[in-house]
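Look at the two complexes coming up: subunit A is in both, with subunit B in one and subunit C in the other.
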Partner chain A sequence: MIEYALKRIVSGLLLVAGLMIVTFFLVRLSPGNPAAIAFDPTRSVDAMSRLENAWGLDKPLLVQFGAWISSIFHGDFGVSYANHRTVVSILKETVPNTLALTLPALFFQLLFGIALGVMQILNVNSWIDRLTSISTLVLYAVPSFWIGILLIMLFSQKLGWLPSSQMISFTANDLPFWSQMGDRIAHAFLPVSTMVLASLGITSRYIRNGLAGIMDQTFIMAARAQGFGHKEIVMRHALKNTLVPVITITGQHIPALISSSVIIELVFSWPGMGRLMINSAFARDYPVIIACTFLMSLFVVLGTLIADLISAMVDPRIQTGRI
Partner chain B sequence: MQLKGKNIPVSFVLLLILLISLIAGPLLIDYDPVTHDLGNSYHAPNTGHLMGTDKFGRDVLARVLYGGRISIWVALLSVSLSLLIGIPYGLLSGFFDRFDLVLNNVINVFMAIPQFLLILSVAAVLGKSSVLWIVLIIALFSWMDIARLVRNQTLALKHKDFILAETVIGISKMRLLFKHLLPNLMGPVAVSATLLFGNVILVESALSFVGLGVQPPTPSWGNIINEGRQVLIDGWWISVFPGVAIVVSVLLINLFGEYLQERFFKY
Partner chain C sequence: MVRLEKISKKFKNNHAGPERSFTALQDVSFDIQSGEIFGLIGSSGSGKSTIGKLLLGLISPDSGSVYYQNQSLDDVIQNRKGWYRGQCQAIFQDPKASLSPKMTIRELLREPLSLMPEIDSIDYEKHILNWLKKVKLDPAVLDRFPRQLSGGEAQRVCIVRALMRKPEFLICDEPTSGLDVSTEWEIINLIRQMQTQHNLCVLFMTHNLYLLPALADKIGIMHHGEMIESGTVNQVFRNPTKPFTKELVKNTLLNRNL
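After this line comes the complex of A and B, so read on.
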């Protein structure tokens, strides 16, 4: 296990090195000058070159890359062009907000995805199974931001039940602890539901088809021959075997989850990394864009790595590559 | 459905109908998708304007149809470009062991970065971009799935006897790759390209929704939805109909992809 883990960690580190190169150069090689955008046209051209000089944009790209790498090891990711704070201090405010959205979304998506998949297999080939399959296929084709808009339209604007933007009400600071928690949950409800709905299609289809594949195997036939009922076979014998695929799909699904969080944060004005990134992108705040892209990719590498390690622990055959 | 004794999937027929209505539809409608008609703003759907009108009095149906043309064009071009990059890349990576280590790890790196994020940041840094730039950016970050698929299939096929036999005859490597290996991969590649097509429609609509894709006044499904965001109650039709258009087209494309998958992988 240790040998396998080391191997995976080393390849993960190499991947991170590759990510540093790709994120930095892709963003920096694209045309467009941030100094020209921040530049106040009433001042002289000289002021603009001073700005470029202050941000190090006049140095060769490789030197800038070196400076960026050293800023990572200094733990500050450079200084934002927009408000002259270190990127890390900005990220410290936004990353927890993004996690407050994505982690519950991941949890409920797995919960409902597994529940739906199991329900389909319990009633395999019945109308429930077919109807759920069709609905999940439709869900799979729905853009996440549009789900968000429909939910806002219905629950926030038409019915007025739930807030449609921000994380917390303006008056919430004066409230007692529990009502404050309630306020936070109310604010998170629609964005989290949007993310769950947007990814439920893929999770539940994966689990349904995975379970269906397991139901064809001989050990299930053996259990059936011993006289176990369909429900008991699904719940006690088949479901356990979906664990590894579920861990894998969770790991693989993290990129999509993070991508969708970017746009969902924008729809719900959620003060997280995604909104920060889009705003910085419009302002060409290179240090923030690069740091966000890099950090989100890092989450992806970590997610895949953790998923791989857990699967290898649950099913040791994976370590030797014999599966 | 049957045609000359061959099975035609329903999804394909519906997809054709959709394409034809996107191509021919605008010709049947008198309204211009871009010109303002301020006297007619925010009409609810009625017999004159089947999908209502927007803030500037433009017919939403006309905008959805024209927007659909653009979305489909972007998807078609991006997928073709992804195939042009991904297929040779995958063939080289899978066939020549000495390239594989580097080429395959480049795919790994690209796949680790959430695709939409990369597209978003590059599109943003480029600024207000033309449709062609959007195609380029989407293709630049979409070829990996196809490259990975072609690579894995090539790896699986290259030790088969028919390839060995051709190597023995002394056929040139390029001819071997593109004339003999590639045709054997077309099935899986077709499935993958179809699914990519649906995905690109979603990516483009999200990008245009954020304001970094197709720029108004040129309509695209994503930016029409965004225009309706301010009037979700009094102008619900502006955001709802283009969304329905996205769902229907992506759903049909995915259904067709599933049909192809069953056809090519179940013999």
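After this line comes the complex of A and C, so read on.
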């Protein structure tokens, strides 16, 4: 187990390192000069050169790369070109906001995905099963931003029940603690629901198909022959054996949720890492882009690593690659 | 006790090919009396397991009738399913695959008892230990998972699980096929012993004819979904009438020097 865990950790770290290097060169080779974007056109051209010099952009690419690597090892992600604040301080504000969306979304999409998958197997091949399959397939096929826009149109514009943007109302700071919490939950409701709906299809289908595969196995036939009913067999025997697929799908969902948070944060003007990344890309804010990429890839690698390690603990055959 | 009359069953053909369906059973008829062991022989795909599933009520025939204690099995399953599930139990080919991999042997053995309201849950452990003694299993297996048992131990657990419900009819679907020769005979002797002790009616399905003289009272030979020959062990062994049976008996006698 320790050997397997070490192998997975090393390969994860190598992946993150590789991604960072690729991102460094990709952003620098992309068209656009951050100094030209940040440059005040009323000032002289020298001012732009001084800006390039201050940010080290006038140095050869490999020298910039060396300086960047050395600062990374000191935990220094640099200063934002656009905000003139340290990248670490910006991330300290935005990362918790992104986690406030992705963690509840992960929890609820698993909860509802498992419930739907189980409901389908309890009513296998019935109209409930077919209708759920079609609905979840449609949800899976449509883009998440479109679901978000539809939810805003219905719940914010038409019904006026929920806020459509930001994390908190402007007046919320004056409210008592529980009212403030309620305000935050109301603001998070639509973006989290969008993320849950967009990923629900794949989870429920995964659980349904996993359970359907288990229902064909001999121990299920043996349990049926013993005298257990369909519901008891699904809940007591089959569900227990879908633990590994559930952990796997959780691990697989983390990258999808993080990448979808980029779009969802834009749609709902949510001040998280995704929106920060998009704005930084437009501003050619290299230090922020690279730091965001680093964190996102770290979350993805960590998520899949934890899922893989738990799967390996639950089913030791995974460690030896026998399944 | 159990009677099959002109049973036919077709399945959809999932494999590529011109045939949309294949015939698993064609006009199969036989009966098993109370306290009798009926050996069903046939190669893989001959229809033995389909008969087992039909008798367990897991599938229905396309035509023909199955009777249990002179009542149509369809009616029994429809009206007295719970009772029939207690009456008819099964042991399958792969003992480890027959046991839920995420449950300990103790949990697996408590399960059938939970279906018997007449047994108090306080007495479960006593019942389990009593059964383990009967089938000569070490109580240490109780805290293990199926993957931690040998094939023979797992099959004993399956036998206990089946017999705990006090059935009158036991279906054994190739219960020794994955076991080594000595374990195979241990399991055969155990089934025989349990059959005598509990006066069971047993349908024993196998593709090894050599097992049956020591076990079965009557045998039936299955070939391509049809029962081509049936009778007592002596009749079939001494006077086989069909070429397939003659070949089967000849090979068995040659191999086993019976």
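Side notes on the structure shown:
Please note the rule applied: the second predicted complex is superposed on the first by the 323 of 323 C-alpha atoms of A that agree within 3 Å, B and C clash if a C-alpha of one lies under 4 Å from a C-alpha of the other, contacts with A are read in each partner's own complex, and residues count from 1 in each chain.
By our rule, a contact is a pair of C-beta atoms (placed from the backbone, for glycine too) under 8 Å apart; a residue touches a chain by one contact, two chains touch by 3 or more.
Keep in mind that what you see is a predicted model, and the values were worked out from it rather than measured.
Looking at the shared chain after the overlay, A:263 reaches subunit B, while subunit C stays out of its contact range. Within the superposed three-chain model, A:158 lies in touch with subunit B and out of touch with subunit C [touch as defined at top]. A simple residue count on subunit A separates subunit B from subunit C, and the partner touching more is B.
In the superposition on chain A, A:221 contacts subunit C only, with no contact to subunit B.
Of the two partner chains, subunit B is the only one touched by A:284; subunit C is not. Of the two partner chains placed around the shared chain by superposition, subunit B is the only one that A:297 touches, whereas subunit C remains out of contact. In the superposition on chain A, contact of A:27 is made with subunit B only, not with subunit C. Subunit B contributes residues 105-106, 108-110, 112-118, 120-127, 198, 202, 205-206, 209-210, 212, 222, 225, 228-229, 232-233, 236, 239-240, 243, 246-247, 250-251, 254-255 to its touches with subunit A in the complex. Subunit A meets subunit B in the complex at residues 14-15, 18-19, 21-23, 26-27, 30-32, 137-138, 140-146, 149-150, 152-153, 157-158, 255-256, 258-260, 262-263, 266, 277-278, 281-282, 284, 286, 289, 292-293, 296-297, 300-301, 304. Those residues of subunit C that touch subunit A in the complex are listed here as 56, 58, 82, 85-86, 88-90, 92-94, 97-103, 111-112, 115, 158, 161-162, 165. Listing the residues of subunit A that touch subunit C in their complex gives 217-219, 221-228, 237, 240-241, 243.
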